[in-house]
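Here come two complexes built around chain A, the first alongside chain B, the second alongside chain C.
Let's look at the complex of A and B:
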């Protein structure tokens, strides 16, 4: 009792836990309950009950209110769907002039807008794509198919791979120096000789369209939010949800609005890539010292001059870090967009994975990873590059990079021309190495996988069985055994104890949304997988981070490794695990663990590093040994930052769990994947995405509230 | 137009949501404590003063005393909550945005504590920045900026970036930038506080040299009383938003108005601050052969005077006898009690 008086919080937590378990034991599993394996929305089942809301009929299985809340929000996906359909096909029909048929045609406004947007995006992508690899579509846009058949010479020739490679090398050299230039050169040569040139350039052209557009919109909105509090307040919740929503789920409504293909993918990529740009723009502009702003004002800047001549140049680095983020998001979307038929590396990867051709998948995946690293390093180098002064240099010195590039273009063209004679009758390898003519290591990898399977099958199988039967199944059963009321009490109680009434209300709202949707069971499965992943990841990340922190070099090395791994699109992680563990939940969980360990490790190291040096010295002078210093000084101070790492770990884990649906899991992701191939899936996909985002936001809210309090307490806010 | 370039009439700056309303209700009787209880913080409390053309007013106060806030009210970087501010007879608070920008572009220059240089521009580009903002041709702005570079002694470094300069050099750029448009009014917000003591002294001397040449109307903010004494024509000492005393350095040293001001003056080496004029007697009876100039600092002539047995005569620069000083007076001033000037 003494203890409880001393720590009133402890008592409150105990009380909460006791209530939770009491509720769990008090509420029995209703006999009618079963885990729904099919899709309640699409299958008519005589056991289902129905209710009608807003004119929509919602079907559901009978629910005991204490056990599971009734799906009162079941109408939401249907309603979203119908509204979208209405907006697209019936709302505001207007007369539009049709160039082809030379007559007016009635079309709903939104459909027309979507068509125009589609046309514009397609044009942009085709243009850049054909500059890189050649084609005729751009010229067709300006003239017509008839004209093309009359003039067979009219074709954008595309750049030989030698020129693109040289361009990448020169740009890397200009941005960062020899090391990056070498890496760029090797990457491009690898892509070329392994026959991945065409899909790589398709992916690149996708990024070259999506990234600049996202940058412009993100910067504009960021500036607007910086200058107007109301805009910021309106944007903030959207940004929050977008940051935690699985990229996968956003694809579904895009299909309804823009159909499938590159253009739809670019538009939806922008939706995903703009939020981080906005956030970093606001952050960067906020970080400009007030005195610099005052200096600008005292120089007589008007608002426009202040923004573009003082604020933005001063915030240059943060804004360029935003560009880096935009590029990385675009790249990972370019891969995932394969699900809505965007061409490029992702598409090849998806095909290979579907055919279980691990060798091919590995080649594509390696390509993706290399390009991801290259893009990341290049944009970071750009952000960190400081301008040199060129005032006293001659014309040639100032423009040597451009002159060099012009030179290589000429040499490349000459080489390609020579190539037409050299490789007469076969492919011109100095222009492009076609997909099937490159070196392929697929066979080697496939044989390797087979060998691993043959040799280690028994062990892998045993491990698999043990994990699933003794760990995962019981854990899953435990999660599903929680009555909804008990879960809500636990979460809301935690919210109240950590962040007070405000936090409790927010968390309550988020949980209720999921509980009232038709997918509570699935959300529990998602949460169970994520929890398992997070626990293992945090343990590994914590240990690895702490160990590598003991030495300066290993710490930097680990951070570098984290940097590299983080640039890989999440999809890539599925390749090696499928290679080793086949199509099981184990594969998904291992991918989750690998992916989510990155932030756990990173934040552990960064947290430990952020402990002030003065404290180290003070501790050393008090005569602590290494272990005491770690437990008494470093951990307590680094802990808030490490908790933020756990926050990130949860988001990463959730993303991976959702993508894991591709391998086959029975959670929210499975539904999202199904919604992708369903023409009425938009509402379901979006609602599911929001559910996943809300799971992340519940934890986010709890952890952030705690961290803020703790930081204030420690005086390191 | 009166002689005053800057004129403040009971200027208030109060931070907080209901600041305006509370100020009206207080009816000119602002008490920091009651305001704080209602969630308002008093930055500047009833500041009234004038700065004449070519005069240097140094505002001295510790951190949180409201000195920077006062300066920002007068440059209108923050809006004053109450009172009137006149710049060359113009009512500053009534100017619209365009007029304000015009005023800043042509009449005002400001130097900042943390230099506030633009990191992406070179020295010469930074200095040319206010000119470019005005829309002057780039070539002309660079020429003018080069003049400024020479004025502050940075020739040869005009193409450096701020990150490549030392603190003192960066502040020279800041000074040059604030002078580029040839403003009449010059605001300096703790310009030397971020510098090392040796560099600070060097910059102060440099600053005095510049002012000798340029004769600007200056408001100079500092937290360093010695700096204030060294530079000022007049000093305003602020505490909790109130101006405790506004007077010439000598008068502040000799007649501190409040206990707070007296604490600053206690440690001041008077012989280095006071002039003969400040301590002389008006009577010219019974003076000896030695005569000293009235503008001499006591320290410089103390030895001469103290070796005299008779009273020493004081003359002005036209050699007119205007007063006398007894050696005992010097001893009294330097070593004696605190109220010697009477």
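Let's look at the complex of A and C:
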């Protein structure tokens, strides 16, 4: 009894776990249950049960409700599809003037809006793309094909790679100094001589359209949410779901609304990139000290002036960190959008991976990684840069960078002109190195992969077999063996014990949504893969983070490494693992582990760093040794911060598991991938995306509630 | 008053006990909700029976498709032919059960001896209403047939043509009736 009084929480958790296991053992697996067909999956079979809701017939394999809930939300994907079809084809037909046929034509409003938006986006992308690599589409838009064939000189020539490289170097120098300028120069030269110039510029043009638009919309909505609580409340759930929804899943509805191609990819990129911008704008504006606002008001600022002359300049850094996030999300989406035929490096990477040409994939992947690091460093340098306000500089001193750039433009044009003579009858390498004419290391890497397989095949196979047969399959079977009621009792009970009745209700709602969708089993498989990844990542992250923390320089170095790895789009991680482990579940899990270890390590180091220095001194004065200080003081105090790392690790792991469907897992991601090639896939893709987001939000809710409580308990809230 | 007393008593309980009571209540609510749902949506033994039938059907189809994949490609007969393409009594029955398709060639051949069926088949645009391939246990033979009807062209007449399936065509993926002996 004393123990119960001393450790009441332990007793409550034990009670919950005993109930969970009792339910697991009490409910048998139904004789007719089979994982593969344990879903509705919209196939027809005479033994399926059916129900009709909102006029939609849902067919499913019925089981004992305690084992698996019937898919009462099975109508949702069908309803979303039908609604989209109705909106695109029947809703609000209006008369629109058709320039080509010179007559009015009846067309639904949304279809017309989507067409106009498509045209506008395509125009913007083509314009920037043609400034960078040349073309005729922009001129044709304003003139016509007849005019351009009569005036071939009017074609936009594009910029020589030397000018773009010089521009990147000068901008990097202006923002951060020599180090970044050197890195920018090397990156651009690498891209060029390895023949990746054209796809890189295609990707860059994509970002140059998506990022500014996302910034404008994000800033506008962020300001609106800051000024109006109702707007903030309305935006909050959308922001939460969008932050945890796999980017992959958002592609599917975009295809229905805007088709495939760069324009659709830009629009959907904006949908994904705007939420972080909104959040950071709100955070930045909230962090403005009230004294500054008071001073602004006392100076006689009206609302507009207060916002744009006082609040936004003061919150400049946070807003620019938002820009950094927008750029990185845009870049990540530029790669993933290859699935809906967006041109650029991502498309080349996808083609190479489809052909299992690891060498080519590595080349494209390296380019992607280098550009990602460059964009990240440049945007961060911009955020951290302090404006110089020196009034007594000469014209040349004030505009030296612009003058340098003008100079390099002239030199670049002259070089390109000389190149036409130097490389007569062949490609002008001083203008652009064509895609297949650059240096290629693909063969070298492919031979390396062959060598790895030849040399280590036996060991890799043995490891694969052991991992799959002895670890993964039993773990998967355990997850699938959980009856729905036991899972819900566990999740709701955990929610109640951690965050009270409110938290219990939230996680119950989120879990029920997944349990009532037709993909509960697949969600369990997704969770099992993510859980495995998270356990291993956290173990590695905690060990590496704790060891790195022991030395100031190692800690800084490790944080730098995390920074660099975090900038890589998730898709890139698949290349080395496919190279080593081929097309297996092991590859996906290794990619998950590598990707998810980054936040685990980062938050461990940052958590340990956040422990006040005064406590270190107090501990040393009390005579504790290093190990005691770590276990008795630093870990308990840093643990809440480290738990936020676990939160991030879970989100990262889930994203990677979903991307891993490309290799061939059988989780929710696989169904999202299938939905991409299904004409009725929009509803399925969106519902699946929401399911993944909800898995992440369940963990998010539990961890955040625990962290808040723990911080209050430790007095560090 | 009584209610208030109870509420006060609960409020007076120590926090850990109240939390445990809350947990127990939540678990009971979840289990009760599931029980209600089970009454509404549970299908019990009937479902198990139906699913078992389905299992049997799938297993049988799988076995038959395995057999078909082992058969040689070409025309299979019961009465003559080379050893390779001649069906034993056992395999004949299995092939009969596995066969679902009656191609147009076999239908034309059977119609040739049924003048009226041939006429209706011609005027209705070569439309077949229904087909069947069945094993007759008593006779130990395979029978195939089809129905032609002129309903779609205003002729209120339908004729069923059937006969012994004398040969089958094995494509390597499936088997089809090759010749129906309806005389």
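FYI, the second predicted complex is superposed on the first by the 711 of 717 C-alpha atoms of A that agree within 3 Å, B and C clash if a C-alpha of one lies under 4 Å from a C-alpha of the other, contacts with A are read in each partner's own complex, and residues count from 1 in each chain.
We take it that a contact is a pair of C-beta atoms (placed from the backbone, for glycine too) under 8 Å apart; a residue touches a chain by one contact, two chains touch by 3 or more.
Remember, it's a predicted structure, so these values are computed and weren't measured experimentally.
A.B. asks: Should the superposition on chain A be reported as showing a clash between chain B and chain C, or a fit?
C.D. replies: Superposition check on chain A shows chain B and chain C fit without a clash.
A.B. asks: Identify the partner contact of A:704: answer first if only chain B is touched, second if only chain C is, both if each is, neither if none is.
C.D. replies: neither
A.B. asks: Between chain B and chain C, whom does A:70 touch in the aligned arrangement: first, second, both, or neither?
C.D. replies: second
A.B. asks: With the two structures laid over each other on chain A, which partner does A:295 touch: chain B (first), chain C (second), both, or neither?
C.D. replies: The first partner, chain B, only.
A.B. asks: By residue count, which of the two partners contacts chain A more extensively, chain B or chain C?
C.D. replies: C
A.B. asks: Touch test for A:314: chain B only (first), chain C only (second), both, or neither?
C.D. replies: first
A.B. asks: Taking the C-alpha centre of chain A as the vertex, compute the angle to the C-alpha centres of chain B and chain C, in steps of 10 degrees.
C.D. replies: In the superposed arrangement it comes to 140 degrees.
A.B. asks: Quick check on the superposed pair: does A:488 touch chain B, chain C, both, or neither? Answer first, second, both or neither.
C.D. replies: A:488: touches chain C, not chain B.
A.B. asks: Once both structures are overlaid on their shared chain, how near does any Cα of chain B get to a Cα of chain C? Whole angstrom is fine.
C.D. replies: Nearest C-alpha pair, chain B versus chain C: 21 Å apart.
A.B. asks: Using the superposition on A, tell me which residues of chain A are in contact with chain B and, in the other complex, with chain C.
C.D. replies: On chain A, no residue contacts both chain B in one structure and chain C in the other.
A.B. asks: Write out the stretch or stretches of chain C touching chain A in their complex.
C.D. replies: Its residues touching chain A are 15-16, 19-20, 22-24, 26-27, 30-31, 34, 37-38, 41-43, 47-48, 50-55.
A.B. asks: Looking at the complex, which residues from chain A come into contact with chain B?
C.D. replies: Touching chain B from chain A are residues 289, 291-292, 294-295, 297-302, 305, 309-310, 313-314, 316, 386-387, 389, 391-392.
A.B. asks: What residues of chain A sit close enough to touch chain C in their complex?
C.D. replies: Residues in contact with chain C: 5, 8-9, 11-12, 15-16, 19, 30-32, 45-47, 49, 61-66, 69-70, 484-485, 488-489, 492-493, 496-497, 501, 504, 508.
A.B. asks: Going by the contact rule set out above, which residues of chain B touch chain A in the complex?
C.D. replies: 72, 75, 77, 97, 101-102, 104-106, 108-110, 112-122, 129-130, 133-134, 159-161, 163, 174, 177-178, 181, 187
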